[in-house]
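What follows is a pair of complexes built around chain A, which joins chain B in one and chain C in the other.
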Partner chain A sequence: MMGSVMQPLISALLEGERVGALTATKRLRAEGLSRERIITEGIEIAMAALDEKCTLEQFNLLEIMLVGRALSAVVDFLYPEGSQPPKTKGTVAIASLHGDIHDIGKKIVIMVLAANGYRIIDCGKDCPVDKLVNTAVNEGAMAVMVSGLITSVIPQVRQIKAALEEKGQGNVKVLAGGAALKQVSAHDLQVDYVAQTAFDGFHFLKEKL
Partner chain B sequence: MPLLTVQANSDELSISFTIGQCLRSILDSTTMRVRSGCRGTGACGLCRILIRQGSGNLPTRNEHIQLSREQLAAGIRLACQFLPTEDVVVELLNPAPPSNWKSLGQEIIRPASLQNPSRTFPVSTTSPLGIAVDLGTTNISLALYDLFTGKRLTERHGINPQAIFGADVMTRLVAAAESVDIARKMSSVIFAALAEAFQDIGSREGYDLRQTIYLAVVGNTAMLSLLTGKNHGLLLNPEMWEKMIPCEPDQSADQAVQLGTHPEVKLEVIPPLAGFVGSDLLAGVLAMHLAEHSDPALFIDFGTNTEIALWDGHQLLVTSAAGGPAFEGCGISCGMPAEPGAIYRITDQDSDALTFAVIDEISPARGLCGSGFVDLVACLCNNGTISATGKFLSGAGVTEYVLPLPATALRLNKRDIDMMQRAKAAVATGVTVLLEKAGLRALDLHRVCLAGAFGKYIRIASAKAIGLVPNIDEKHFELCGNTALSGCEDFLLSSDVASRLESLRSAARLINLSKIPDFDELFFENLFFRPMTNG
Partner chain C sequence: MNSLDRIAAVVNFKETDRAPVIPQIFGHAAVFNRVPLVDYLRNGEKLASCQLTAQKYYGHDAVFVFMDACVESEAVGSTLIYTAEQYPDVNVYALTRDSDFHSLEVPDSSRAGRMPDFLKAASILREQAPDGLAVVGCVLGPMSLACQLLSLETALYLAIDETDRFEALLDFCAAVAINFGIAQIRAGVHLPLIFEPVASPEVVPTQFFRELIAPRIKQIFTALKDGNSMANWLHITGQINAILPLYPDIGVEIANFDYCVDPQSAQSLLPDTCLDGNLKPYDFVKATPETIAAESNYLLQQFSDRGGFILSSGCEIPPESRPENISAMVHSVRAKG
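And now, the complex of A and B:
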């Protein structure tokens, strides 16, 4: 039954229609649905559908970015700046490392995780390992994610786990992804997991933590 | 056009031709060529063929000298003398050994200023030759010149054998950084490839390449530094991409021996502008005389890395956009290079039905080259098969489009569309950023020069419709082909060009797209299939 109420929002999100998704969300709020229910029964269902489709290679980069924008608009409407943030499933620190200025893959990961209730600290692109590790420790992150499009960042990836252990945070999971890193084994990169896609990374977090 | 069918050993090949060409020159663009010891004058008698079907001109004087009466009666002719006038089937009696090098018979118009070469050379030979080389990541092109007369003698096109170390520049740089041996090997395979090309020219056209006293090379920075073994490791550090990367060659006598040139050959590697902008771009700008007018002009050299230059009347703004190899027909499911059998043009003038043009009219078509790919996307957007976001509108869950062509199974899928969106968004974003930096609008542009193999066949209307090039009047566009080689040829012949090149360097201003704050936003806007805004 809930599905039918949520359907306009879910469809608009999957179509990447920002205005349509906002209109649907406003209507749901006017009908008295809580923000939490809109997240768990609307946004997360839409993301699960996107997840299935992504594995079928039915979505291109532009469509995923459009979904991301529609999603941010809905989340910003539900939780305007200053309001109490939604309950999170945990904090994740994410970055593209020093020398890597590619940002798009990382943005998709952020979108998937944010839509599924994680709190994301984005350390940006061209980020030194120190900064990423310090941020993760200070923010109490459960996981650190690195996205790498160029092979030359591999030596930096190998330092992350050791740097966390040095600070007594060896239990913080380290995930790697992106065109260059996903061709290398987790063992070789000295990380906990190498994600093939943004959703693959999300599933790892969901199952292991 | 009539059709030529060639048989040699157990191979067979068909190619259409224009009446008036000799058989040898028709074959020169293919992989099945004839052996020859002269320059196609009928003097050596090596290029014997047997005419199995069809006819052409009567035997020439030289054929009567080279061939016996029995041979002529049996239908044996010389490929350089025989001009077919209808469909013919021929057998090569003396095929050339297979070579990786082809001659495309590209027509070159040289500016008058270059018809009298102005270089002086320290080495004295009776008839000095010079070779200009465009060392690309995927392809190598070269042209041979008589340095006394400035005459273009011949040319060759082949594949860069470094591809075995990785298709893209970054993979090769990483491989070279791993060991000195690999780096050395990557350099030597290029010298070996050049030697092979020179040998092909020597054995097939009779030029004495030991007279070659000057070799000029242009290319992207990675290719040049891997060739000379200088500083390629620096290119792995993005901080160096905006800096000068010295890559002068160490000359050795061994090189000349390996290349088969004059022992004192001068190898000149034209220095790149910076880590991410090679001398191929400078050569192209030079060849198009972009910076010799006060009117704003845009130059786009399409490739895996598309290099873009904007002349604003005073300075040359330069950038490089990594869009992937879609324009070269690579990485897409039905893609292929612009070779015989490639669909290079698709039009939809008659209602919804698409019309396909195939290189050399080969049927069935083998694939889509870059320009065909751009046309197809433009047509499918126009007839409502795909949306501006790249979604198939023909029904829920549809993820591919089957080309309506007989006897082929060519299809375009979601991934292909995604590749095109990323490739064209990278280029359009580069153009947008350069225009913004120069304080110009697209409407201010007087010239838009499109270079590269892709820039030769591209249909401007399609490229405008999907937002790959500025949305301005077609009269401003020029399709230029391989401008890097043309510029390198100019350089080879004239010391005046060398000084123009130096003033171009000092007028150049590098723009690093990754440092543009709103790059992601611009890239996103340009992912849509729609004309660029002319802001």
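And now, the complex of A and C:
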């Protein structure tokens, strides 16, 4: 029953239709549905369907970005600035490391994780390891994620786990991804996991944490 | 046979004395010569000198006039961030979503940005490279240039929201590629490859590529061929199986395939097109010469019956690669004959 009520929102999100998704959300709110139900029975269902669709062979950035834009419009409507944010599944600190000034991959990961209920602390691009690690510790992050387009950041990636352990945070998971880093094994990078796509990283978090 | 003969032969599936071997040595030439990357990327004489030294040492079949993916964007008006040992990136994009894409002027390659240094490098390499060695240039594909002028996000959203305006921008980008490519040929380049990473199916769907990008790449190849380019070489990275069947109609004569593409799949999808690839770039940093030799021999074996193959890396060999690994790749071809 709920599926049919939510279907216009789910369909619009999956098509990346920002206006359609917003219209459907406004209608649901007008009908008295809570924000939480719209998230759990609408947005999360849409994201699960997108996840299933985005295999390694079929993943493409444009479709994900369109979904992300529609999703942002819906979330901004549901939780306007100043309102109480939705409950999260945990905090993740993310960055592109020092010397790497590309961040589109990072943005996609943020979209996927935020849509699935994680709180994201974005440390930006060209970020030193100590800033990323300190942020993770101060914000109580359950995981640290780094996206890398250039292989020269690899030595920095190798420092993250040890830096966390030094601060007594060895239980914080470290994930790497992006065109350069996904060529390297987790063992070589000294991280817990190398994600092939944003959804692959999400699966790891969901299963391990 | 010299390198040019060899390349011309494999493009036409004719016999060669050995497979051509063309590691994609760009910034590595600077590191190899202990020249700061930022100097290599901004000085045509240094670029040419580093390429010549690296080629003399490794003995591969082509030198590259390739700076980075920002040359055209900078020439149109973007400002870049340069750091000593990294490729630059755009700091301020030349265009905004509201720009009038119909009134843009194609940059004058004799004056704009680093284009004159690029052309100087091409001239020096053609003049000083050993006889018969291929001098390969590069133009940025229309989709990648559009993203370098607007930012990836803005360009992709524009493509969906205002397709007509986006197509006007793509037309401008194709004109830039043609103009710069022809200038490269006149300066001495044998063939300018089209570098179009943003056209990968990992970034845009196949329909998007077929409808919006492929016709412009075809237009560029046609113009470059009319300008005496030796062969149409297309370089798109990532998992590209979905678009490979479209390549013959675009006019592709050499198709780069990345490490994530299975060589057998590439052959079956492009039975009559010369392929170049596909050693994993990071292996040149991390692996041993024995591993590189084994991987090279595997690829040579995969193509031994078919021909139409250039042994190469799937994408750029990282600047910090170990020289002995590049040597191992070149030696494997020479040993096989």
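Here is the rule we go by: the second predicted complex is superposed on the first by the 205 of 209 C-alpha atoms of A that agree within 3 Å, B and C clash if a C-alpha of one lies under 4 Å from a C-alpha of the other, contacts with A are read in each partner's own complex, and residues count from 1 in each chain.
The rule is simple: contacts are C-beta pairs under 8 Å (C-beta built on N, C-alpha and C of every residue); 3 or more make two chains touch, one makes a residue touch a chain.
Keep in mind that this is a model prediction, so the values were computed, not measured.
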Discussion item. Clash or fit: chain B against chain C, after overlaying the two structures on chain A?
Written reply: clash
Discussion item. Is A:30 touching anything from chain B or chain C once the two structures are fitted on A? First, second, both or neither.
Written reply: neither
Item to complete: Considering only the touch criterion stated at the top, classify A:104 as touching first (chain B), second (chain C), both, or neither.
Response: both
Worksheet item: Who does A:152 touch here: chain B (first), chain C (second), both, or neither?
Response: both
Discussion item. Quick one: is A:66 in contact with chain B, with chain C, with both, or with neither? Answer first, second, both or neither.
Written reply: both
Discussion item. Going by the contact definition given at the top, which residues of chain A touch chain B in one complex and chain C in the other?
Written reply: 16, 56-57, 59-63, 65-66, 99, 101, 104, 107, 150-152
Item to complete: Going by the contact rule at the top, pick out the chain A residues touching chain C in the complex.
Response: 16, 56-57, 59-63, 65-66, 69, 99, 101-102, 104, 107, 150-152, 154, 179-180, 183-184, 188
Fill in: Sites on chain B touched by chain A in the complex
170-171, 174, 236-239, 389-391, 397, 399, 413-415, 417-418, 421-422, 514-515, 520, 523-524, 527-528
Fill in: Residue numbers on chain C that touch chain A, as the complex places them
81, 83, 85-87, 89, 152-153, 156-157, 159-160, 201-205, 208, 237-239, 241-242, 259, 280-283, 285-286, 318-320
Response to the item:
Listed in rising order, the residues of chain A that touch chain B in the complex are 16, 56-63, 65-66, 99-101, 103-104, 107, 126, 150-152
